[in-house]
Amino acid sequence: MVTAVKETTVVRNDLDSALLVRAYRVMLLARATEDKLASLYRAGMIKGGVFLGKGQEALSTASSIFLQKGDIFGPLIRDQAGRLAFGDTVLDTFRTYLGSAKGPMRGRDGNIHRGRPREGYYAMISHLGALVPVVAGGLYARRLRGETGVVGVTSIGDGGTSTGAFHEGINLAAVEHLPLVVVIANNQYAYSTPNSRQFACADLLDKAAGYGIAGFKCDGTDPVASLETLQLAVQAAREGNGPQMVVATLLRLVGHGEHDDAGYVDAALRQANVGRDCLEVGATQLIGSDLATAEEIAAWTKEAQAEVEAALNIAQREKGPDPADEDWRAISTERLVDGHHDLEDE
Amino acid sequence: MVTAVKETTVVRNDLDSALLVRAYRVMLLARATEDKLASLYRAGMIKGGVFLGKGQEALSTASSIFLQKGDIFGPLIRDQAGRLAFGDTVLDTFRTYLGSAKGPMRGRDGNIHRGRPREGYYAMISHLGALVPVVAGGLYARRLRGETGVVGVTSIGDGGTSTGAFHEGINLAAVEHLPLVVVIANNQYAYSTPNSRQFACADLLDKAAGYGIAGFKCDGTDPVASLETLQLAVQAAREGNGPQMVVATLLRLVGHGEHDDAGYVDAALRQANVGRDCLEVGATQLIGSDLATAEEIAAWTKEAQAEVEAALNIAQREKGPDPADEDWRAISTERLVDGHHDLEDE
Amino acid sequence: MSVTYLEAIRAAQEKALTDDPRVFIYGQDVGAFGGAFKATKNLAAEFPGRVMDAPLSEDAIVGLAVGAAIEGARPIVEMQFADFSTVGFNQIVNQAATLYYRTEIPCPIVVRLPSGGTLGAGPFHSQSMEAVYAHYPGLVVMTPATVEDAYSMMLEAVAIDDPVIFCEHKLLYYHLKADKLPDTAQPVGKARIARAGRDATVVTYSAMLHESLQAAEDLVEDGWQIEVIDLRTVKPLDTDTILASVARTGRLLVVGEAWPWGGVNAEVISRVATEGFGLLDAAPMRLNARDTPVPYHPDLWAAHRPTASVIAARLRQLLTQ
Amino acid sequence: MSVTYLEAIRAAQEKALTDDPRVFIYGQDVGAFGGAFKATKNLAAEFPGRVMDAPLSEDAIVGLAVGAAIEGARPIVEMQFADFSTVGFNQIVNQAATLYYRTEIPCPIVVRLPSGGTLGAGPFHSQSMEAVYAHYPGLVVMTPATVEDAYSMMLEAVAIDDPVIFCEHKLLYYHLKADKLPDTAQPVGKARIARAGRDATVVTYSAMLHESLQAAEDLVEDGWQIEVIDLRTVKPLDTDTILASVARTGRLLVVGEAWPWGGVNAEVISRVATEGFGLLDAAPMRLNARDTPVPYHPDLWAAHRPTASVIAARLRQLLTQ
């Protein structure tokens, strides 16, 4: 059982530079995608809520970028970037928000509730914390089948740490010594609720010892720090050291959803380190390390925006599901469908 | 926020000797009551299960003996002793097991599911962990009413620490800075499940820091240590230092219920310190401190047994509830009772 | 001046806080933020210390309410969405609902459930859980369909000594309006004849009342007079009012937004069939949502739940049977 | 040689573990101890690493099962008592039950619920939760009443690709016996005519089947022939078999042990009233448990649930109506 708490520092050379660039371009793509979602929302073109991860792209990208084919990723609300890094596409993002029948959820579920579970990309339900034991269960089954070296990553917010599901899930993963990495994005608020009304521990990482698992913390506004930390955590899990908890500090730079102006966020936090935009931090890091020029970054941004436009163009032309074609059944075993559909004959 | 972890040592003089004697006599009474319950069970005179706290009397007594009128006590399965120390009676114990209409549960609920909530003595439901937020809620209401200096104590087992309810309840109590003492009786097993399949932390007390609350640990087989520890914890809560977690190590010296021979318990544990009988430890302590002689203890034991016999005699003569007299309603507002009782006219 | 369904709920909570010092509100984001739907707007400022943000812990929130109720308080807890009450489920059905029966201590808590489907809300922000709670002994389940009822029933929910599951329909929050808050109210537990009729009885509740009223209106041109009953509370269920209506009309359609298996509709039909069999001139009918999770896409959603036109069509069937 | 209902469940799990390497069992004390009721006795030793003690975490247990199912495993999870599934409720109704509809990935898990009342078990070790789960889309709810069904339906529960809530009745565990395990079985989803009759139909399931059969037997001396239908699964509900029986008898009594509001009984009567109204010669009747928590005292308990004599009395009423 590993219980050491490692505070990582920026050791830029540990990461290969191609990875840094790749991560940064995922962040850019996520930001461009979400900017577009925000304007679609404002234009009334998306039904239901839009929940963005602006400011959390670095951490989210880091969460999944070290995963390999066969690994499991269970993203949450603010993980547009991590989703893309794991193989989700901008097209499927728009398809899901717009309810395209061609999207992975076929109009049945929307927005952030998407995934392709068969590809290790789990689809969250809304209930916070509920995904933790599910990812643990995926890992459990893999191990039972004799697969080794598999890792599962899931993320959660400061608010989500207060759920019973989070507690039970991590504890179970610890007992089973599963290769699960839980990334806690401490963005200071759960909807409008500040950390002071959410937990009383000095540091969320203090929870790791209570589960007997390893803990890491990092500055979630810093792409390099986030990448380095997650690299260590994923590696530790892959090497058989059991669950790993990563606590990252940052701020969500948008509302809880696009309907929310986040007026409750303390202005001092916005000004503080925690309120930095990870995209700006990342740009400085890339330029400072001679991995990119400002012009290159501007070009990448344009490329990302173009990719987003192209995907949106496709998604917008796709049809939603046709209710008349739906078979309206919630189970797969056709002979066991309860034959009592009151709306059937209308 | 207090996060210090205090390991208590035996400082006998801190406790007044009358208290020690009183505690010991409660332990004796609890043991005598439970011995009788066990034989009633074996004789087939109790319907349903019998769940005893043999070996846990010292800790349980310590849990409630420092509480005052107006405090709240939310006992769990193994708290016969703590119940008695808080004001429950042997008579009500038997009444509840035997289903007497005069008992506090009037035959509607049985065995350990008893209480007198209006007197601060809460009645557990079976779902483990579920009582933690309820006791917190009682304290919350008291504070809202302006009452100060109130303390609430509740207890839970090693198994119960794995429940979401435990986690949510303690965390909420910590956020609200409530005067709640949670006593974790780590008796090494949850039913047949050993600690190794229950948690992976090095010590359950490692959880305290994760909630930002104070922690204490003690040898639950040692009456003096248990009393000293709980005295500190209750006092700290009363003084406004927020929730206190006490982790005590011990072994249940009976089966999970009387139907269970506890064959799964590791023989080495039975032989170890953790397997000591707290009544024997207490006797040695009392005699060694010149607070009692062996003869006195034998006389107290007899007295306890006599009290138990007398109570049983009364309870056995009392009637159970008469189904014909029951009003069969689950809410108090008569006009809102749903008037559809299918069994009504039989 | 007009007042919305949501404002009525807010006003009732404000009045309860004003009139009774034992009342407090506890729930996620209900404090300074005023709640996800603003049902507690400004209340935290008006009543310092009595309208508090809770941690993201539905089980503990309800547990806290039960403990506070034991000590004589009258907590109102808000679930952010009805759907999330599943993680506070145990405290509701096993702790709150059994307290009075077991201990004779009543449990005066109100659990507010923002319920029902809205556009694009999807499987986990659309559920109607009234039937699940009504199945359990020990709970009162209110399902107000009007601004007036939202107000007066919330006051009553706080006033009565038993746990109340208060199912407010999100679709009504902003759009449903009344001229003013009511001064008087029908007693809780009694259904209301929302529209008198002669030819058939529609029994319904919550948002489906409005679809049903629309359907009844649509049938006027064909000469049909449809009676529409708003249940108001689904537990207790006012069987007498339903039976009296069916005695007049001889025909019954029950309409609800929840899933079909064993919900309010099944209970209503079962009561009429068992207690008022002779009153029926034709087989009773029911309309529920379909037996799948509530879909996200607006077109699927529209086909998932009953609407006025579906109700009207079904009524025509019923009337010509 | 004879085999009990409990042994049948154990044997079916053993066979499932033997036949299908994807099957594993996870639950509190199911390992070396063999489970609180011994439904997994010796299985941990027989199938090392595939029958595991779980932490006291119902939510995580079900969550783990869903994750494992996504990866192609076929977990069986045991709740120690049905009543404790309330704390795993969210994972059952929102995670497991929605997975297929949302993602097209089936969720082949079995959740075993030791259900129903027994002597002195009280409010929290006696519950019958089948109606709560049946209300939710996405679940199959099995309620075996015989040793043969306990065995064959458990095999089927593991075999099908959807989440199954397997409600086993604790009262039947040790006392209900059969000569041997069955080789063949009626398909799951079909009800069974447990006793053929002519004068009235009793629809029932689980332990109440045996009370109902006894009542039917008691009425023979009066010359009545009662048909008794064992539902076997309550979701799906085999409406056809029920309607066919009512078509023959014209009279219907539904008997269940769960709470009255909106349970299996309401659903059955509602289906017959809506789809087979013309078949009924008299008002249908139902018998449920009373609408309170399940009481502890044996006398209260006996008066809380239907028994053979109450069923017989109600049948006499029905027959002379």
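For clarity, chains are labelled A, B, C and D in written order, and residue numbers in each chain start from 1.
Everything below uses one rule, namely that contacts are C-beta pairs under 8 Å (C-beta built on N, C-alpha and C of every residue); 3 or more make two chains touch, one makes a residue touch a chain.
As the structure is a computational prediction, the values presented were derived from the model and not from experiment.
Shared contacts of chain B and chain D, meaning chains that touch the two of them, come down to A, C.
Ranking all chains by how far their C-alpha centres lie from the centre of chain A, first place goes to B.
The mean-CA centres of chain A and chain C are about 35 angstrom from one another, to the nearest whole unit.
Averaged C-alpha coordinates put the centre of chain A at 40 Å from the centre of chain D.
Note on chain placement: the centre of chain A and the centre of chain B lie 43 Å apart, centres being C-alpha means. Annotation for chain D: residues touching 2 or more other chains are 54-55, 57, 59, 83, 86-87, 90, 94, 97-98, 101-102, 123-124, 137-138, 235, 237, 261, 286, 290-293. For chain A, the set of residues that touch two or more other chains comprises 105, 108-109, 113, 125-127, 162-165, 168, 171-172, 175, 197-199, 329-330, 338, 340. Taken together, the touching pairs cover every possible pairing of the chains.
For chain C in complex with chain D, the touching residues are 59, 83, 86-87, 89-90, 93-94, 97-98, 101-102, 123-124, 131-132, 134-138, 235, 237, 258-259, 261-267, 269-270, 272-275, 277-278, 280, 282-286, 290-293.
On the chain A side of its complex with chain D, the touching residues are 104-105, 108-109, 113, 115-118, 122-123, 125-127, 130-142, 144-145, 164-165, 168-169, 171-172, 175, 329-333, 335-340.
If you check the complex, the residues on chain D that touch chain A are 24, 49-50, 54-55, 57-73, 75, 87, 90-91, 94-95, 97-103, 105-106, 137-140, 160-163, 187-189, 233, 235-237, 239, 271. Within the complex formed with chain D, the chain B residues making contact are 46-49, 99, 105, 107-111, 113, 125-128, 159-160, 162-165, 190-193, 197-199, 264, 320-324, 326, 328-330, 338, 340-343, 346. Contacts from chain A toward chain B in the complex involve residues 1, 3, 162-168, 171-172, 174-175, 177, 196-202, 206-213, 242.
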